[in-house]
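Residue numbering begins at 1 within each chain, and the chains themselves are lettered A, B and C in the order written.
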Amino acid sequence: MASSLAVVVLAAGAGTRMKSAKPKVLHPLAGWPMLRHVMENVAALRPARVVGVVAPGAKDVVAAFAPHKTVVQKKPLGTGHAARAAMPMLKGHKGPVLVIFGDAPLVKSETIKRLVAECARARAAVGVLGFKSADPTPYGRLIVRDGVLERIVESRDAQGAERAIDYCNSGVMCLDGALAGELLAGIGNDNVKKEFYLVDAVAVARAAGHHAIAVEGPEAEFQGINSRAELAAAERALQQRLRAAAMDAGVTMTDPDTVWLAADTNFAPDVTIGPNVRFGPGVTVGANVDIRGFCDIEGARIGRDAIIGPFARIRPGSLVGEDVHIGNFVELKATVMGKGAKANHLAYLGDATVGAASNIGAGTIAVNYDGYGKWRTEIGADSFVGSNSSLIAPVRIGRGSNVTAGSVITSDVPANAVAFGRARQETKKGRAPALRAKLKARALKHKRGKK
Amino acid sequence: MASSLAVVVLAAGAGTRMKSAKPKVLHPLAGWPMLRHVMENVAALRPARVVGVVAPGAKDVVAAFAPHKTVVQKKPLGTGHAARAAMPMLKGHKGPVLVIFGDAPLVKSETIKRLVAECARARAAVGVLGFKSADPTPYGRLIVRDGVLERIVESRDAQGAERAIDYCNSGVMCLDGALAGELLAGIGNDNVKKEFYLVDAVAVARAAGHHAIAVEGPEAEFQGINSRAELAAAERALQQRLRAAAMDAGVTMTDPDTVWLAADTNFAPDVTIGPNVRFGPGVTVGANVDIRGFCDIEGARIGRDAIIGPFARIRPGSLVGEDVHIGNFVELKATVMGKGAKANHLAYLGDATVGAASNIGAGTIAVNYDGYGKWRTEIGADSFVGSNSSLIAPVRIGRGSNVTAGSVITSDVPANAVAFGRARQETKKGRAPALRAKLKARALKHKRGKK
Amino acid sequence: MASSLAVVVLAAGAGTRMKSAKPKVLHPLAGWPMLRHVMENVAALRPARVVGVVAPGAKDVVAAFAPHKTVVQKKPLGTGHAARAAMPMLKGHKGPVLVIFGDAPLVKSETIKRLVAECARARAAVGVLGFKSADPTPYGRLIVRDGVLERIVESRDAQGAERAIDYCNSGVMCLDGALAGELLAGIGNDNVKKEFYLVDAVAVARAAGHHAIAVEGPEAEFQGINSRAELAAAERALQQRLRAAAMDAGVTMTDPDTVWLAADTNFAPDVTIGPNVRFGPGVTVGANVDIRGFCDIEGARIGRDAIIGPFARIRPGSLVGEDVHIGNFVELKATVMGKGAKANHLAYLGDATVGAASNIGAGTIAVNYDGYGKWRTEIGADSFVGSNSSLIAPVRIGRGSNVTAGSVITSDVPANAVAFGRARQETKKGRAPALRAKLKARALKHKRGKK
């Protein structure tokens, strides 16, 4: 059931320090755009409404907010201005209004929930998430007395004893919905940059005699992401969370620091993961699966007891059945491997279905592309496809059939048939020395020609 | 020569926090089951007897203890109970009895040796290994006065000044063999869990007027392994030891943190290892070998001056000769490469022997499996196997012979012969536009059909 | 314009702790020999002359100094003796003389510049670079009073209050050119090892009434490199510099700790790099390129909007055009890929030219080597090379042509032609069970034969 909460997500910032043509909130973290993490964290509170605030022309950001509505902040006049831009979308809303930033993917749902709950409990007009920092210098400081957030001193304005205060402003704020419009409207721009700062909502509230509070969260959740280096730091933080959760659930990782997970990677117990494995989004791994080193897996379901890698690549749309083996230098793309099927060495299976217990030889290519269309290869159960075969899709290889090594298969093979598509071997006795002499002479001539 | 030492290895713990169907002591570390590290560390003391204590039905653990005997602890009634279960196996034993845990793979032989030696020197009835910890809270504290280990205070019982004591109990214990039975029998279970704790042997000994001592070891050797995260931490600790030893011996690693060694990996000097190389157990590497990034090597011997990788996989049973080159996306399995032989690109050589100075072309597959048996390919010295060839084992390619590219070789090729197994090229001038038009139309039709 | 600076680079040390047949200063760091880093850092000062001091017989080191001259230090009699050996090469030189070590690759140009500038400003006969260390024990201490470097106390000679001094000697020194010969000649060898220490130039200068100064630099620039472990630490330090610079310039790295750069890797903005990518020397990457995990790239230019990997290897001499896709298990060697060309799966393209918009099928091999010579494959634009094809170089595949899958192409293919080189498929209905029975029987017989 949806709560009475409205959420405003500010995503109109320029992110110039990223030096990127891509909007900052769309840069990826753990396989998702940054903004999606914020949206998922917020979704856990089951808000009644979510409104995104975007910069003019930011179509990709608008799309990332869907199905939620967005409002355009026409000029970049500060965070208070941005939040105020969302107010018309919240007409009639009575409950609390959470204002959070689209570049704050590390703030956990639990922390946001505590803020909202504490604001309700304390009947505060405004509440902010704060954190204790060993190095508070760059942050605004929260001045709290007797449980009241009296004011927020901007970093540059901190004087004397205030500079020693280590309780810092995260920027995440919860406003009483009945007062939100009034508080945001009360923010002025009497400062050097002539911008409207969201943080000033606290001063507005206090000046009007309203209650304000601060709620503490862990500093680690409030790392700023303004450069590629900070993006990498956030990625590391997220990865550490994901790895710890996977290990808690019974996954062994030889070296957790070299396993890259997506936010939605899903493991059954007793999965083993070697060093250097990357999971893109959309992967589910069954019990007792052994994923060896140097694998890249995305958008795939791996059945229990399967053995993957080393050096395997499994691409989106693949379903790897129970007890399947996918070995080194093998690529699957949108391919279904039936129970117990094997492709152990150097193969490309694109748009293929391989029946249970079938064996795909080394060097086999399921040729899915002809320059114009993509076609499927269907291989029945209990088949044996010899090494270095090329299966020219669309083609069906029947159940229990045998394709001999080195064959090019262009027509369907019925069940239990043997298919060849290769030349008979010819052996010319004693000819190699002459061939070598010819090749040697050619190389020599070429070398001379170059001089 | 064996010493007079008996060793009891406790390996009956459940390890529930691992969330695994596999017994904790069999989880792998640096390529070996955890227990094997303990066994090897203990073996360096040349004990007269080793007895394992296992849980009921733990067949795999019993097998891991072989050739040493095991005894079953019938009920999980605590470590003291477990150690006592081993006593009948030590009948007639007079020397010291070391009790160590199967999940303590980081405790070095030197440290154990010191414990045993100090106990003998001090004529102690019981000695324990202790360690100083910056955060002693979770551990039992060793109360030592004038060289006497007076007692051990369990963590939860520590009071006042005791809580500040940073000398902690590791659990590793050495008992005087003549008293061991008596001391273990004296341990009671008057506690909340109604278990018999090995640590109480100290109290029993002291109460009977015997001498007890503590011997200090480094905290790093006593990390507990109770979860997958702690398993990963232990793996990291072992890897750091192994990497440091390899570098000391003259191995260059571009990034040591991304080289995963096995406990038995063996290097000659001047080996160079790029980033991301995994060594499974049983690898020996000769002098001046260059192992480039992204390789996976297990159960293989690499001869001097060889160049391996990047992206090479060498599987058990392979012997890579002097000056051999194994390049990218090449897999060797149980394959012998003679001196100076080369397989530089995309190849699978399974169950093959390649003679000295032979060249294996890109895309070559030694087809070792026919669905039922595994067969060998034998290639003589000075041969040239053309690209994309399939060698259907069992088959012999004679010395100095030449297999042309794209051939399927099913019959033996004599020495110095040239073997073909491919169709002659046919070229249809001007046909491509029509073919393209046909393929395009087919793709279009298919697309429409889908709608 | 060259400055009036002369530089003496000491590179005659034995480096025994490296346990290597290779001279220490030639061990690689970030893709360059260690010495090259020093030479590049020094070159930024545009010195009038550079002289290397080398050990007898160190041909490779002499070569690494080219085009600069070297002088041989005939006997290893210490750093002062080594520096003095260079003096004859500096006859007539009036400006400052910088003495730096060939194993000091981390000392930045800016730091050296500051030393030289401060020496000039202070009219010092000698100046040394120093650094503050939290653990100064192993270093000589700089005794500075009122801006004068009074003396340097060797670590082992430090007494009382001197031991607490944390200002340490880096060994890098700048001498007044007019006095350099005299100062170096004044150094004695009245010490245990009977060696001439460069550091004593300070004492000589002070005794003669000259001015001496110390200039502070960051400790991180003065890490010693005497073992493989210290080499790895220096590599890590360099990599962190290079990664930070790349991120500042607009490169995203999923996990910067697993991207290995060369000193000269060059990125346009908005490049994305997945985990585990190694760049050898000589790589330039265009804007918006997406390099996925597990790639190895060296000596190549990657055009804008290209997609590389995962698991791609690009070797020296390759030019990857704009919008090209190079996929998994693909190797390029000295290969040119025209705009929009694709080689997405398991292929080796050696010495090839691929025209714009052409598609190279999975498993294709450009067969460049015949055992004697290396030959080129030229593929025109808009061509389609079918999977598992072998193109036997030298060969030309004309523009707009189509090579069918599984073909071996030995003769040139004209533009717009279709080329085949494969056998027609034959299908033997119902034959597979008999074939399977035969293979099964063979395997069984073989197994029995082994017993």
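The criterion applied here is as follows: contacts are C-beta pairs under 8 Å (C-beta built on N, C-alpha and C of every residue); 3 or more make two chains touch, one makes a residue touch a chain.
Keep in mind that what you see is a predicted model, and the values were worked out from it rather than measured.
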| item | value |
| --- | --- |
| Neighbouring chains shared between chain A and chain B, ordered by label | C |
| Same or different residue numbers at the chain B/chain C copy interface, by half rule | different |
| Where chain B and chain C are represented by their mean Cα positions, the distance between them in whole Å | 33 |
| Residue list for chain C, restricted to those that touch at least two other chains | 257-258, 276, 294, 311, 329, 346, 363, 370-371, 384, 388, 402, 422-423, 436 |
| Touching residues (chain side chain A, partner chain C) in the complex | 18-22, 27, 227-229, 231-232, 235-236, 239, 257-258, 260, 276, 278, 294, 296, 311, 313, 329, 331, 346-348, 350, 363, 365, 367, 369-371, 384, 388-390, 392, 400-402, 407-411, 413-414, 416-423, 436, 439-440, 442-444, 446-447 |
| Complex contact set, residues of chain A against chain B | 244, 247-258, 269-270, 274-276, 288, 292-294, 310-311, 327-329, 345-346, 359, 361-363, 370-373, 375, 384, 386-388, 402, 404-406, 422-433, 435-436 |
